[in-house]
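Listed after this line are the structures, all set down as structure tokens.
Each of the two complexes below includes subunit A, the first together with subunit B, the second together with subunit C.
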Partner chain A sequence: MNISGIIYIYIIVSLLIAAAYSIATILALHARRKKQHSKQLSNSYLQQIIAMQGREGEVNARSTSERMALAQALHSIMSYTYSTPTENTKTIARNNRLEELILNKLRHANNEEKARLLNILSSIPISAHATDIISKYLHSANRHIRIAAIIATIAASPTKAIRTIADLPFSLKPYDTSRIIALLRRGLLPIAYEPLLMSDNHNLLMLGIAITHNFGIDIADKHLHNIILRQPNRQIVREAIYTLATLGRPLGRHHIREQLAAMSPNIRRELCHHLSCEGYSLSALSVIFSESEIIHAEPLINSYKRSLICTQSN
Partner chain B sequence: MYAIELIMTVLLAAAATIILLEVIYTSRIIAAERRQQLLADRSIGCHSSLGWVGCSVICHRATDVAQIENLLRTEYDRYEVIAIIDAEVYGELFSEIVSRYRLLELDRPKHQSETDAKIRRLYRSGQRRYRHLVLLDIQQNVEMYDAMNCALEVTSYNYVIPIKGGYYLRQHAIESIAILLSDDSEQNIELLESLGNPSCQIFRYDTVIARGGFSPNLPDKITPRNTIYTYETYICKSRERQSPKPSIIKVSVQLGLIVAIGLAATLIAREGDIFGIGISSGSEPAINTEAAKYILIICAIATIAITLRAIATYQIVASGTAKCAVRSMLCYFRRLTAFFLRRKFIVS
Partner chain C sequence: MKSVIIYSTQNAIGVLVEAMISGSDANFETFQAGSTRELLSMARVLRPRLIILLDIVPLLDGCDIVARLHEIESNGRGRLSRSRATIYVITWQQSEHTVLSLLESGIDQYLTFPICIERLRHKVSQQMTSNTLRQ
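Moving on to the complex of A and B:
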């Protein structure tokens, strides 16, 4: 084939790629417009639902896009409020068949969309049938779908939350735990922290420590000391030490110093830095760390300690 | 003609390589963008520390209050902004920031190190809602890397994000970073490099101190296995937040041009009997073969430009950053050169 033929083939292939991207751009612009319209609709439903709180009333949506916007509005309200009465939510979800809509969309959605839809399901009262469908996604290969399914399952059956978390075949990451804590903040989960801190299950233990830290439960310090004393898992011990630091507890005890001595220099330096920010004094740090480790803490401690006694510049 | 053919061959090979790399790059950017957009829905509950990951943004020569306002918008609790400004050179801006955020000068002890001596004054806010802001007044003529090293003296958290004036954080950037870093339970990540546009490097505080502070060669001193790369975009330039996005009409015109070039090239190839298979109606080609070759070369050059522009336009729309297609295309060449050159730490 001569050069002209090659040029011609190059032109056609490139133009096909360019045409594909141009069509994709037009579709993306169209999708963006649809999304903006949907957001406006969702905001309007949000205002209607808020106005309805504590009173009888109806919110109706007809088309699929309107029902989806209504579901998104319900999800926003449930995510940002605490102990919202669910009677209105149940009525709105039932009258507009939101569960059916989302389950239908779930079947054909791509990964990110599936995760988004499962998140919305966590805010809508759902039936036992929906819970069975969601349970399929607990074993998804995609992490975001798995976590969204866990949150939706826990929100649907709060009394089974501990069992669901304990039975997970993988370890929860800090972000996953924070999403469960968000459900706690909404007043949805009746979880006590003490059994979690005494559990042998990795996920339950991490959740218990996260609850202690997030809610500032300083009476849990004896459990944290027990964890530091007995736990072979370094990650859990580190979490417990950090949580004690957040609670402002002394860290000079023998078992804590022993565990810290076994940690890598990086983690020790990082902890030293963290304690400086938490307000521990140089003398408290010198009990736990060596002089070479606390050398960088001094300017930071001075800038923060001094900020308690600061002067107004004229 | 031989020279022209050689040049065309090289040009086409280079263009094909760039297009292939950009197709791969664009698909990764778009996938990362979709994940980040979904984060907006799920970031509720991320406001408490994730895995004790904390981020300190070190902003060198903040240009205006709007930038500070943008940097303070984050709700993540283990977060701070250390703004570095020379009060003598940017006096008006400095005063505006101090009064707006009710900043108070801190009573610092005498200079403890050479780096510390370059800090004239240190400010923090007396108001709880601005507790994340620290303002450093640095001496004149302190080089950027030295100024950032001064900021390290008062950094509180374990990861530092150096940026310079005129750059803004994208929505949920800090939460995205915290999620990515907290996923590493072994705490081995020393450098998180965002390959989005513009690129951004996030260093572990400990690592920067151990390697002697910020310098252009800092990334080379970090073990590659402790570096992770992501296509998520965390920062954008100020003008990208205001520029208009491409309209459907402009993109339709682009599509029309593509079809027109394709038809023209096909007509020329047919009438000029490019493939030498006698497809013209007469015994000789309707257009001189040499002339057809030159016209095809012109079409090929136009095709290169329009293909790169089509990919750039799609990237702009799908990634949600409002910048112009020409600047996006220039980034292609910058990325290619970055592939061959040793990586440097250049503050975005």
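Moving on to the complex of A and C:
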């Protein structure tokens, strides 16, 4: 090949690279502009919906991007507030066919987008048909999709929440229960903690312990002691001990010390640190842990970080 | 006109809270700050009646935002101005330790999400119409 041929190839390849780079830049700019526009739309809908509180009114969206921004705005409002009148939400969702839009997008979305869309569905009133479609995602291999599907299913049918949680094909982790607690805080779920703490079902127990922990239910301590005494599952026992610590209860009882002795050194150290921050005194810790374990707790206990808290255990 | 500054690193939440506290009968203006520097420079210029923080990082990262806000209000002369801004914090944090740390750092009110729109609106409205001088 002669030199001019090489030069021609070089020029063509350079032009192709420049063209590809330009196209990529234009597409990226277009995507960014679309995202900003969607954010601005969503903010505008936020303001309109909140201004409508307690009054009748309409919020209309025409195009797909507008309806998606409206769904996002509704989701933000429902996530961050409680006691928001639901009549307006139902009307807006129905008039703008938001359920249909999100179910269509769900079919073709990637995993991350599926989880996001399912989260949005948890804030919109949906039909029984949609609930059936969402229930497929409870068996997804992706954990985030599974959790988002649980939240959407429970939000759609709060009276069946206990059954849904009990029948889940996997065990709930603390992060999962915290998502369910967020629904409780919005006033969506009529759940009593006591039956959950007496249940044999792993998921219901985890939820009951999480409710006790989050809402500081002091009078549940006898149930927590029963769990520590009888439960074979280490994870549940550990959660129960942490919850007792949050409630500021003494942890020196024989069955608790027995369970702690069976735990790994890492978990024991972690618990020791946690108890120091929760306000337990050195003498309370020395009943549960060995001298070598509490040697690092003393400086923490004496520091300003826990000087704000006075608990019964002191 | 009286002003309220809302500090939030997430614009959507700031807009949401702004929409919650504004109403047709609101007798104040709201402004958004996205960073600590912006918050301080707005506070210097606007001398707001109320500051709402939607993020606790400026309170716990060592920059001591409350003391710096008070310093602005004292005009750096060691004298407090007639009325200093009330500081509300609204976040998802529930743990007792964190809440007590925040109150210890000098904020006036701590609220958690999820929040009732009517209640927040009423609280802010009362705060803005209050004639009580803060020392």
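For the reader, a short list of remarks on this structure follows.
In this text, the second predicted complex is superposed on the first by the 275 of 314 C-alpha atoms of A that agree within 3 Å, B and C clash if a C-alpha of one lies under 4 Å from a C-alpha of the other, contacts with A are read in each partner's own complex, and residues count from 1 in each chain.
Rule of thumb we're sticking to: contacts are C-beta pairs under 8 Å (C-beta built on N, C-alpha and C of every residue); 3 or more make two chains touch, one makes a residue touch a chain.
Quick caveat, the model's predicted, so the values are computed rather than measured.
Looking at the superposition, the partner that touches the larger set of subunit A residues, subunit B or subunit C, turns out to be B. In the superposed model, A:Ala51 lies in contact with subunit C only, and not with subunit B. By the document's definition of touching, of the two partners only subunit B reaches A:His273; subunit C does not. By the touch criterion defined above, A:His225 lies against neither subunit B nor subunit C after alignment on the C-alpha atoms of chain A. Of the two partner chains placed around the shared chain by superposition, subunit B is the only one that A:Glu298 touches, whereas subunit C remains out of contact.
In the superposition on chain A, A:Lys39 makes contact with subunit C only, while subunit B stays out of contact range.
Within the superposed three-chain model, A:Tyr80 lies in touch with subunit B and with subunit C [touch as defined at top]. Of the two partner chains placed around the shared chain by superposition, neither subunit B nor subunit C is touched by A:Arg253.
In the superposition on chain A, A:His202 contacts neither subunit B nor subunit C. Looking at subunit A, you'll find residues 79-80, 182, 185, 214, 277, 306, 309 touch subunit B in one structure and subunit C in the other.
For subunit B in complex with subunit A, the residues that touch the partner chain are 5, 8-9, 12, 15-16, 19, 23, 34-35, 38, 41-42, 44-46, 48, 50-54, 98, 104-109, 112-113, 116, 121-124, 126, 153-158, 179, 182-183, 185, 187, 205-206, 209, 245-248, 251-252, 254-255, 258-259, 261-262, 265-266, 269, 272, 274-276, 289, 292-293, 296-297, 299-300, 303-304, 306-307, 309-311, 313-314, 317-318.
Of all the residues in subunit A, the ones that touch subunit C in their complex are 39, 42-43, 46-47, 50-51, 53-54, 76-77, 79-84, 182, 185-186, 214, 277-278, 306, 308-309.
Taken together, the subunit A residues at the contact with subunit B in this complex read 1-8, 10-12, 14-15, 17-19, 21-26, 28-30, 32, 75, 79-80, 112, 115-116, 119, 144, 148, 171, 173-175, 178-179, 181-182, 185, 213-214, 235, 242, 266-267, 269-270, 273-274, 276-277, 296, 298-300, 302-304, 306-307, 309-313.
The residues of subunit C lying in touch with subunit A in their complex are 11-13, 15-16, 19-20, 23, 94, 96-97, 100-101, 104, 113-118.
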